[in-house]
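When the chains are written out, they are named A, B, C, D and E in that same order, and each has its own residue count from 1.
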């Protein structure tokens, strides 16, 4: 019973918070509601028995990602209201509504089938983290390692892009030849 | 005998080539002389062939080489010397030899003297192919060949500028040349179709094969073939309604008119009908139409000649008229009479033209007979020649024209076509009138030209001498009629007057004679002592109608030439450029424009791109949802 | 009882909310928030399916999605920074020098 | 309690991982080298990258067809090997293009080459797996690296390009994730072979058709974005314009090969399951894409943008072949890309050698058509080579792309889609216009100004690359036969 | 020599490649020499050709893409032999008479490549190879028109390229479909035309395929209403471009009909007779009228080309040896004559830099030699007997008469309206007084010009008087083709209409 209550409560809250994220003019509100929504999503995860996922959600999203965003926000000095010429035209909402409708139709269909056998079943009496760990380090070891490379790439990318070296561009820098050519043009 | 065939055929060709070698160099008399000699050689060869055929009755048939062979069609260069062709060959080479010699004198001062001989001989060569060929395709070579040569010769003085029709009814030599060529081409199409019909029905174009196969063919095929071939003949022989080119062709040098537009080329049509007599004799309806058209043209042309003031045009109209006679005869089945008239006419008409050339020469190219008169004294020889030729033309007894024309008129009676007979008789009177009107206006009376500046003089002696064979033949040719009949009817169907006609032949002859003499007398009364102009008559509708050739040239211009040009212009500017090409470009433009339109989608704004993506995604999802419902 | 569909529908709705955000946001930073919303929506779905099928694969997927989201944020913020240095703005409307 | 897991090394079949590991290791080595000595010249890194790729290539060649490895996550089948080979060859052509005579920003980073190798590894992972998770991670690894490489060109256009690509990519990733979720919901699996099995049994349930179709469409959005199909192509022209010419050329080939492989796996599965509807949608999208991109290419003023649109159009062409879902069609795809790779990279390299740092001919564009006016008079050989590339792209025989085109058209005809072949033909005719436009400028017009400065960025390595591309483009007729039989063998061996 | 044809095809191409090295000043001499050698080679081909054999000769076959049935397959028969010779001849003569001095080296190289493609098209017996040469021929032509042409040259060249390119792509689909059907029936991939000949297709397939090939060929011919690229192309092209375009490139279309459409789709061809004949008649009459309205001499000849191509089209669909043989012969005749006419126009353009008729008049007085040669070509163009123009036209009309007398009469009007525009042109240009001062000082043809035209004049007359050496082999091959078509036709109507000749034909086994 509590599950039902929790589900509806979380659902309404999450939807509400994310609506704020999407509609708010203030970055701070948007970000805060995003963070709050994510926290609540981790609540879903706990309800669904994906404890490990819930924790990761909290750490990565609320902890890391939101922190990154906050730093970025400070960098951009975006605490003030952002002037957006939001295209709150009918199109956006029609599209949103339609996609919601179709997706809901899709997922409201009787997808659930008992015939489907779990390939990597959860084990009774074993902690979720343990279960996840075993699958992650056997079957999904390769994706895991690739994800590591991906994070490495992202890290390098972040460092390079935000780095000082990007401030001066060799690409747009006129080398000596170009200057000679410019002079030639002027003649 | 084969060698003679080749000599007769290729001597003119050699002459043409020889003259062409000097075509761009200044006048060289020897070119004319050698050309004339070669032509004379050809004449000699033709004459000996004629003698051979005459005496032995054999015909000579040679095949030189293959020309076209494709599919089942096989056309050789084959030459046939039989009674008909040998007659034509002799006449053609004789007249041309005279004309060549004459031209040495006549073209004396022309800077394109050499070129002229080249063209003239080429023409003779074409004509020889035309008459000698043993198949229709070969005939067609000559047929087109004479067309081109006449184009070259009519347009010989190509450098003359165009004039308005009021100033010069033929506009300019080059215009007249083109007109002649195109008119001929119209008819040639008919001729070609005739060839096609014959080929697909008989499997060959050889005369003997075709004629042998005729009895197996159906009436409609025969009629179609006969009509098609006759259309071809109408063009060459300038029958109504394709007649206008002949008088305009008088823009060419006079020897050309004599050779081409009197003696030879224009008779090609008649020759064709005679040559294809096995075909025409089994198609009585077509033949009758030919006769009727011939009769009509005889009268029609004569009527226009009555009032014309142009010396050469009068003779041209008379040619037209006489061609009508020939067709009348051929159409009525009297092929040999037609051929006989063709030959006789060739002699006196060539003589007439050459005489007219002398007059022009003397009058410095003046052609208006109203501005002549009294040339009798200065040009006695020419006067005699032209008088004789006119007598022959008018059909005065014992001159060549009398025998042949009389026979034609008699035929018309004999066939029971009284209307045709009557018209031909009346035409004979008109012929006499206009021939002598012209003679009197030219030679009799007082001079109407400016005597202070013009001093008419006779042509060179050798020219007059050269003309003498023609004069002689114009006088005596008629006496050969009997033996000619005997000779020619070995090949052509004999034509005999019925008993009844035979009885009253003298009466018929007398009627013609009276009418003809009446015409001469009338002419003498009116013009014997010079020109008496009759304003009232000249302003009458009939006179104007006749003087303007029934307004037919104008009609052609208004109804055919101008609309054609206009239509062409529209076709080009409106249809080709505005519709066809614009459609093509329009498709390209449409694509380009839609590219321009589509370009607007690429706004550069990321938000729009995201919208597009979302639109696409939602659209796909919606489509998925909808189609899922129909599964 | 709450069934799989319930979760999936919530997920779908959140996904659509994210989509609306992506569509209407002109500020890049805010736009990135919206994409996070979408990815989170998918995570809910995976976790729910995983739960109802008693299968761990879904959790794996969600786990990797979180990793991907994190990397994207890193790269995205890096890009934002260079862009901001260059343009002094994060407004998408200022970002349309290439078009056509 | 959990049982201990025993895994034998043989069953892991680690060799299947070797190629990617080589690339990743190469990237790491470069990073380490940079740490040790930051004065090393880019030429060293270029050659190092080439070597790594070379080894990588060898490793791929050594793989056996139809093997699985590492808990069946890795899948080495014919198309995976072919795709990897093509990806590596494409990368090998791309790498030396860094050796320009002028210095450009991105090549001053050793990290550029490391990221490049990581990206190659990402693409390789994408094509060597039928596990949606690994595919996703592969996609993202490659994409994130690619976004960065674009931005590293370091001028405002490149940032704009990178941001556009990135943002739309993020959206596409969301759709991919949602699509995967739907498939997972349907089948309880994220492995395609397993999905196919379960799906086959569930196709009879009409009530879930909407989910089956919808799942495919969600995934289609993601891959249509990667393949730049209408209306998900909007990023392509801007990104190509903003990226450096070699990278733009690279982007028109390698990521698309990777994406098309996954697309073949997913949609080929759908079509093979008998979901004819998916084929119809794919065909429709393909036809619209090629036509639409073509007419937009008509009106471009910049050669690079024109080539961008033409690449979109070519992608449409290829997707049409995919929709046929026959062995010939699939062979056609790879043949087409194999040939397209040399020609298109050649063409982009030609732009690269003519690249100036300032926009000398036009305020807005780097490579306006005017720049190439009278090119024949300035650099005859260059003009001829560029013309050959253009003719090849237009499908004029006997140049390479013609063979790809007729192969695909033949495949369409063989599957009964004659109309598709006709549409392809007509599109080729439209396309000829804009390729021709460049030829017209190069050959038929007079130079605008500064005739001597067009080939500003030329260097010997670039000449070598272009020369090789030219030879391959011209001599296509001689190697198409072995190429086709190899491709056909590999593809039919793995059942596509 | 078994590889004669390969030599013939690739000799000019290799010479063209080597030509890059040749010095600019010597390029022209080099080009002429190469073209002359190529011409001699083609004449040698003729002498080695067995004229009594109606089949393919000098066959070469090397598989290129065996999996796909694409091969390097060459051969020549009576139909293609003379077109090849004409192509080499016109290239040679065009080069000799060429007056271009700017970028001469590029021009020579381009022409040599063009020559390769032209010869290639006519010797290819593999459809894809044919297509390769067919498409490739567009490129040099594009360059020739675009680089040396008149003010609208770019528009004209692009239009030419795209138009023909589009058509040929449709044709390509047709080819692919034939190959597919062939594969279905035999299990073997093949693009060899001789293999395709053996296919007996159902009528509806034939119709569709006929239509596909039609689009490709019709645009090239060009048939109404696809002809509008031609006046632009000719109008803007330099002389050499027009000469080769008219003489050879247009023939590719009609040759395609003879080589592909007829023998492969006999029933469809028979069904198509009426529509094609109607289009042909429109081409003949309509374009002749349009030609009459032109002010530009070159445009007149350009439109007259379309008109003459109409005659050729008509003959091809006469379905008898007379018509088809005549058509093939007419291809040669039109090639020589229109080529010569374009050269002549080019010569006057070189002198006066205008091609408008109004500017001229009375040229016959100033330039007699020019006028004579122009006159001869004019007469050949209007189909005067004993010139080359007559033989083909006569045979075509004769042949088509069997199909439809009425249409033949309509088509036959070409001899009238052809004369009308040609004579009008001649009159306006050559006759009358010399009114324009600029024309009074014009020089007559110089030695080079004269001697480049004399061979053409000689051919015009030689083949007009004695066409047998050329017509014989053509006729043989055409008869063989017809016999084959008749055998292959499936509908009774087609068998009725296709008329096989009574004579026996010899076809030796193809190697």
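The definition used in the following text is that a contact is a pair of C-beta atoms (placed from the backbone, for glycine too) under 8 Å apart; a residue touches a chain by one contact, two chains touch by 3 or more.
What you see is a predicted model; the values in this text were computed from it and never measured.
**Student:** Using each chain's Cα centroid, which is most distant from the centroid of chain A?
**Tutor:** Here the answer is chain B, farthest from chain A.
**Student:** If you tally contacting C-beta pairs for every chain pair, which pair wins?
**Tutor:** Chains A-C share more contact pairs than any other pair.
**Student:** Where the centre means the average of the CA atoms, what chain is farthest from chain C?
**Tutor:** Greatest centre separation from chain C goes to chain B.
**Student:** Can you tell me which chain is nearest the middle of the complex, judged by mean CA position?
**Tutor:** E
**Student:** Averaging only over C-alpha atoms, locate the centres of chain A and chain C and give their separation in whole Å.
**Tutor:** Comparing mean C-alpha positions, chain C is 4 Å from chain A.
**Student:** Between chain B and chain D, what is the gap in Å from one C-alpha centre to the other?
**Tutor:** That pair's centroid distance is 78 Å.
**Student:** Let me have the rounded angstrom distance from the C-alpha centre of chain A over to the C-alpha centre of chain E, please.
**Tutor:** Distance between chain centres: 68 Å.
**Student:** Rounded to the nearest whole Å, what is the centre-to-centre distance of chain D and chain E, using the mean of the C-alpha atoms as each centre?
**Tutor:** Result: the chain centres lie 44 Å from each other.
**Student:** Please output the residue numbers of chain D that touch at least 2 other chains, ranges allowed.
**Tutor:** 133, 137, 140, 144, 147-148, 151, 163-164, 167, 171, 178, 185, 188-189, 210, 214, 237-238, 299, 433
**Student:** Of all the residues in chain A, which ones touch at least 2 other chains?
**Tutor:** 87, 91-92, 95, 99, 102-103, 105-107, 110-112, 116, 118-119, 131, 139-140, 143, 147, 150, 153-154, 157, 160-161, 166
**Student:** Quick check: what residues of chain C touch more than one other chain, meaning two or more?
**Tutor:** Counting only residues that touch two or more other chains, chain C contributes 4, 8, 11, 15, 18-19, 22-23, 25-26, 32, 45, 53, 55, 57, 60, 64, 67-68, 71-72, 75, 78-80, 82, 93, 95, 97-100.
**Student:** Mind giving me all the chain pairs that touch?
**Tutor:** A-B, A-C, A-D, B-C, B-D, B-E, C-D, D-E
**Student:** Can you name the residues of chain E that touch chain B in the complex?
**Tutor:** Contacts found on chain E: 159, 162-163, 224-225, 227-229, 286, 289-290, 292-294, 320-323, 325-326, 329, 362, 364-365, 368-369, 372, 379, 382, 384-386, 390-391, 394-395, 397-399, 401-402, 405, 408-409, 412-413, 415-416, 419-420, 423-424, 427, 430-434, 465-468, 471-472, 474-475, 478-479, 499, 501-503.
**Student:** Which residues of chain A touch chain C once you look at their complex with the stated criterion?
**Tutor:** 3-4, 7, 11, 14-15, 18-19, 21-22, 27, 30-31, 34, 37-38, 41, 44-45, 48-50, 52-53, 56-57, 60-61, 64-65, 68-69, 72-73, 75-76, 78, 82, 84-88, 91-93, 95-97, 99-100, 103-104, 106-108, 110-112, 116, 118-122, 128, 131-132, 135-136, 139-140, 143, 147, 150-151, 153-155, 157-162, 166-167
**Student:** For the complex, which residues does chain D have touching chain A?
**Tutor:** 1-2, 5, 7, 17, 24, 31, 70-71, 73-74, 102-106, 108-109, 111, 114-115, 118-119, 121-122, 125, 131, 133-134, 137-138, 140-141, 144-145, 147-148, 151-155, 158, 178, 182, 185-189, 191, 194, 198, 201-202, 205, 207-208, 210-211, 214-215, 244, 356-358, 360, 449-450, 453, 456
**Student:** So in the complex, which bits of chain B are touching chain C?
**Tutor:** Its residues touching chain C are 599, 602-607, 610-611, 614.
**Student:** In the complex, go through chain E and note every residue touching chain D.
**Tutor:** Residues in contact with chain D: 64-68, 106, 128, 131-132, 135-136, 138-139, 142-143, 146-147, 153-154, 157-158, 161-162, 165-166, 169-170, 172-173, 176-177, 179-180, 183.
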